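The next part holds the structures, each set out as structure tokens.
The following pair of complexes shares a single chain, chain A, combined with chain B in the former and chain C in the latter.
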Partner chain A sequence: MAIPKTLKEKANKAMGISTEDARITKTYLFVAFMALLVGGLLGLLQGLNRAGLLELPSWLNYYQVLTAHGLLLVLVLTAFFTIGYFYAALSHTLGGLLPIVRKMAWIGFGLKIVGFVFAVIPILRGNASVMYTFYPPMAASPWFYIGLALIVVGVWMCAFGAFIQVANWRKNNKGKHVPILSFFATGVFILLFFGSLPVAIEVIVMIIPWSFGWVKTINVMVARTLFWAFGHTLVNIWYLTAVSAWYVIVPKIIGGKRWSDLLTRIVIIALVIMNITGGFHHQIIDPGISASVKFMHVFMSLAIGFPSLMTAWAMFAVFERTARKNGGKGLVGWYKKMPWGDVRFLAPFIAMLAFIPAGAGGIVQSTNQLNQVVHNTMWVVGHFHLTLGMSVVMTFFGISYWLVPYVSKRVLTPAINKLGVIQTIIWTVGMIIMSGSMHTVGLLGSPRRTSYTTYGDNATALGWDPYLLMLAVGGTLLIIGVLLQVYAVINMMFFAPKGETEFPIAEEEEGASKTPYWTERWGLWIVIMLIFVGMAYVIPLTEFIVNAPPGSPPFKTW
Partner chain B sequence: MNQFFYGLLLLIFLALPPVAHLLESIMIVHMHMQMPMLVIAGFLMARLFQLRFPAFFEKWNGNGIPGIILFLIIVVFWTIPRAMDEALTFPSMEVFKFFSLSILAGIPLRDSWKKLSTIGKNAIIVIFTIKYFGMGLLYIKAPVQLCNNYLIIDQLTLGWGFLTTAICLVIYLLYVTFTDPTKYE
Partner chain C sequence: MHREEKIWLTLSFGMIMIFMFITGYQAFAQGMAPPSNKDIIDPQKVDQIAPFDKPGITKIGDKEYEVVMTLQVFSFNPGNIEVPAGSTVHFTLTSKDVVHGFEVAGTNINAMVPPGHIQKITQKFDKPGTYLVLCNEYCGAGHQMMSTTITVK
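After this line comes the complex of A and B, so read on.
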């Protein structure tokens, strides 16, 4: 069946995505950007409250808003965008989705939406203000957790759909390498599946029976550890999704070539293997773990920095080569030859730049002594607004300017491109102001996850106020950015002129060395990943379970 | 030559007193991290010996079986609780640990592994899987301290480390048994 397959692939590439596949991605992206709109508005409410400018009513308090803001942006926006984007990539590079895979994507979509409704109702009723991390002993309504479990199962459907699609392609294309963007998708879906296993165990086995009252107490440390095995992995799933666009899409948009196929694949494999173990550095301040174990975990956490440095190197190599090819001169003067007016390049480029301070801040937090200073302060909030809010989300925005027209069979007009550039600038300025003031006020000791208070006009707390005002200024700029972005997406999805948009995938450089076939042996990489997970988690989990303190009953702290 | 250098560097790093002390202070890290890294050091250094003394390896390890048996004996010896205790108590045993795991286990492993057939390789993994399940149960079930130098909780942790590693090996064996690479490659 090899010949019809290739024909189909060629047809797919020439004629664009099939309507059925496009509908999947379009629906996922629509939900993602609606989540951005609502989540962004809630974020503004939070920022204004935090600056002392806005008193929220008792029926919609700060902690409810925080929970919903987190859930919408951290779970819904990222998960729906990632799945929509990679399903389009699978469809484009592997010759169209299989009917069964399409069905699984829709079942997954349904499960996620139902789960989301289950989770939102208790939040609105004020029964789930647990701030989007599932941290016992704070307990939400059990229905909130059941909703989250359904979301996880929905994600698994999509992950297995992707595996079936890739396995089928490989059977039909013996000995060939999986196209690079689908290789990224494979890595991301492997992480999504294995990373969400611990949180599924936490929620289904531990929290749901406990929040229903079927069991009286819960082992807090085990629950937290399982949560972070997932939480940290999720963070890196977004990052890996953004990185896929940096490696594959951005070079094409600037008119260059991919730098090294082997390096790209090694970065993906390294990130998959070493990711889940990193969760532990979120628990550096937690009790019950000996200092020597924490010390060794620093190595595991910092190891993830290595593939990131490889990425930084590869990216700037591509930029410089392409710019020089286009006539760029001088040691750094070649930057003038970059397409700065193209939002599809500008947004991801600023996202990459933001990852330099964001990554450095992450290293600060995973270092034991420095973490003591910033733990649970606004610094941490600043950090993840820099990583997720800039590095990841700005890349997603950049992707949206070609992906949305591609799946809607429309084109990016110069007007929307200009709007995108303006949006990118507003977003950048807003995020620098907001995240910068969050970092600073965190160093001064202002705690995260706390509604506005002056602590009885305490002098230290009053000293935070100017920074918190700046936070609100940044937040206000960001909501303008959100509105512009959502407008652009809706325009490109439903109103832009009809036409064909290319799915931009960069080619390998000429004369590139052949990538060895061992990069395709995912079974082996998964076993190595599991051994790494064992290395990281057997020591603390045994300690937490064997020497467990009395368990905790559920608490409603709000 | 490069590989030999990195292997030697790793061996020296592991032998530095603060490093050795840190790794040996936690039972599971002693057995499941320091010892495998010593084997890896020897594995890296092996290249030089293979190049210098090809005749020696050809004569004594032509089909890879003597080498892998030597590797097995050394590695099995170092999973005995008493062996770990002695390494911590007698400096001579500590020296033997560094020497045996790198030279007597790492080098033969490198020389033998490629010479073994697929069945031979999988047989070795099966042996280790069974052994790891056994050792895991021993360390978890034993009601008393098996090592004078480590607490019961360390022992339990090591037991679970053995079990999780064994589970990973089972997953690998299932993977190679039930997937047919000729369908893909």
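After this line comes the complex of A and C, so read on.
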């Protein structure tokens, strides 16, 4: 068995991805970018409405549009891109997908698409204007929740597929380290599975029976807490996906070597262990949780910042080292030696830069008193457009310029590269304007998730208008960015010249010390992760259940 | 690991610890902890249970007021509150239906008000003016109209 296995792996690396594996990633990426197109257009409608420039028709109100925008970009774009990208990585680094794994990816795909249709129909019919956070006791049509549950199950299929693939490789390669990109994939799929368990419990056990009327009331705070145990994990899953490209792909594109393998793996393990507990900072100004428990959660949230600060160092060290090797000089003069005209570098580089203010803003927000100032204001919207819209999505864009040609057996032409550079600049300017005005107007008190209003010509509210206008300006630039990006993806998928594109994975430095094998002990990391989750959630959840008020009946308030 | 990297990571760790220390000091020594009241109430019987059977503003001391308020789609009861400048106001809040938010623009008042729980928050109003009170948790079709004012004279 061992010999054909290696042969197959070598063939896979030399000849590129097999047609069957490529089709999975291509389909997932196609759905992801269609979600970007539709979600982006809906975002523009919102931005224009919020600035008071556009009155939405009665059959398509602001909250419907907002629910769909959130669902498309926060769930569909990110989940489909992440799965498409990591399945290509598993195929490339582990010698092709096993037939059973391919089958699971397709079953997962079908479940997610069916689930999505189930969720979207009630939204379009105006029966689910509850946002992607769907806090009870607001109750949407039960089909909306059934759709969400199917999406989660679809994601689980893909997670289990990845576990089977990695376990099989480990069995055939005893004592070897799982290749770094598949190590990232393992971490991401572990988080996807464990992170979505709480929301699955919330939706399946609590909300669905209640929305059908089989159960009269619901425990509002338990539902909310389970949601955020999932919600914040999800954002860190996208972030970890982006980080994988920063550590593994970007060094190769600039012609450098990877940063320390051991440190990279420690960052992954740390992010997996500490992630789920971070969700509580979304509830800092909720009643029913004591101030001391909230303080413990500040620590748990801030702890996630530490691996990110490790990453910041590693990234800039790789850049400087590579640039100096290529003849870069001076304290900061080396930056001239970076490949600025290559979109595969430029987009993820700006994404990393954006994470500096984005991460700092995150630290601000998860700190008790500062959170109270900005909670549920436009500041938060600015924050996640900086983190998700820039750090994560721009990295995804950068990946698309080699991943789409790779799976389509085509090449990135200089023309599309140039288009990509222009797209990157437009996106950057648009996001800076939009997110900057959102942060500012949020500090002044303007609330999130609120359609255009002056609160009866209140002077304070009128003072927010110039910033909201800037928001619409940024949003308009962003829709141009969306159109360019989707055009580029379609071109690379179906029309670009045929050819071979490399899957860029950077090598380790020469003479790097060997990574100890304990990093592979995922069973142990999962146990430690569960202990952390227990520390974070057992006390508050028990309190909410033991000290529960009478429950709430469902409300349809839209 | 390089020496510079060790310094960087030590500084990173130190920064997080300083953040923690300041947050903790402000929360527990200076009484600036976020609103975390733990009383509960039957959300379907708010109108019959004291003190919410009589929402309103009561003077409880020299320049000190208590406001008992219910939040419901899409209003605050009582609305249009007036207090003299320099007053300390204690708000006691609960929701009669879905989750609402209680935010006063230009102050640090910001609290979630889910049904079934009684939330409390206190603020001293020094500067005269009209403060905008708004709901900052999406609560339905009229969410953008859910507002009132606090006038400080």
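Note that in this section the second predicted complex is superposed on the first by the 558 of 558 C-alpha atoms of A that agree within 3 Å, B and C clash if a C-alpha of one lies under 4 Å from a C-alpha of the other, contacts with A are read in each partner's own complex, and residues count from 1 in each chain.
What we mean here is this: contacts are C-beta pairs under 8 Å (C-beta built on N, C-alpha and C of every residue); 3 or more make two chains touch, one makes a residue touch a chain.
Just so we're clear, the structure is a prediction, and the values are computed from it rather than from any experiment.
K.L.:
Taking chain A as the common reference for superposition, should the pair chain B and chain C be classed as clashing or as fitting?
P.N.:
Result for chain B and chain C: fit.
K.L.:
Once chain A of both complexes is superposed, is A:L124 in touch with chain B (first), chain C (second), both, or neither?
P.N.:
It touches nothing on chain B or chain C.
K.L.:
Check whether A:N547 is in contact with chain B, with chain C, with both or with neither, and answer first, second, both or neither.
P.N.:
both
K.L.:
For A:G456, is the partner it touches chain B (first), chain C (second), both, or none of the two (neither)?
P.N.:
A:G456 contacts chain C only, not chain B.
K.L.:
Contacts for A:P447 in the overlay, against chain B (first) and chain C (second): which applies, first, second, both or neither?
P.N.:
second
K.L.:
What is the contact status of A:D286 with respect to chain B (first) and chain C (second): first, second, both, or neither?
P.N.:
So A:D286 only meets chain C here.
K.L.:
Quick one: name whichever of chain B and chain C touches more residues of chain A.
P.N.:
For chain A, the partner with the higher number of touched residues is C.
K.L.:
Could you look at A:R170 and tell me whether it touches chain B, chain C, both or neither (first, second, both, neither)?
P.N.:
first
K.L.:
For the combined three-chain view, what is the angle at the C-alpha centre of chain A formed with the C-alpha centres of chain B and chain C, to the nearest 10°?
P.N.:
70
K.L.:
Where does A:G305 make contact in the superposed view: on chain B (first), on chain C (second), on both, or on neither?
P.N.:
The answer is second: A:G305 touches chain C but not chain B.
K.L.:
Is A:G534 touching the first partner chain B, the second partner chain C, both, or neither of them?
P.N.:
The first partner, chain B, only.
K.L.:
So in the superposed three-chain picture, is A:L524 touching just chain B, just chain C, both, or none of them (first/second/both/neither)?
P.N.:
A:L524 sits against chain B, while chain C stays out of touch.
K.L.:
Of all C-alpha distances between chain B and chain C after superposition, which is the least, in Å?
P.N.:
Minimum over all C-alpha pairs of chain B and chain C: 10 Å.
K.L.:
Give me the intersection of chain A's contacts with chain B and its contacts with chain C, in residue numbers.
P.N.:
In chain A, positions 290, 295, 547 sit in both the chain B and chain C interfaces.
K.L.:
Note which residues of chain A are touching chain C in the complex, please.
P.N.:
Spelled out, the residues of chain A in touch with chain C are 61-63, 129, 131, 135, 137-138, 220-221, 224, 260, 263, 283-291, 294-295, 298-299, 302-303, 305-306, 309-310, 313, 317, 363, 367-369, 371-373, 375-377, 444-453, 455-456, 458-461, 547-553, 555, 557-558.
K.L.:
So in the complex, which bits of chain A are touching chain B?
P.N.:
So the residues of chain A in touch with chain B come to 167, 170-171, 174-175, 290, 292-293, 295-296, 517, 520, 523-524, 526-527, 530-531, 534-535, 538-539, 541-543, 546-547.
K.L.:
Can you list the residues on chain C that touch chain A in the complex?
P.N.:
Residues 1, 5, 8-9, 12-13, 16, 19-20, 23-24, 26-28, 32-44, 73, 97-99, 101, 103, 105-106, 108, 110-120, 130-132, 134-145, 147, 149.
K.L.:
Which part of chain B faces chain A closely enough to touch in the complex?
P.N.:
Within the complex, chain B touches chain A at residues 22, 25-26, 28-29, 32-33, 153, 156-157, 160-161, 164-165, 167-169, 171-172, 175-176, 179, 183-185.
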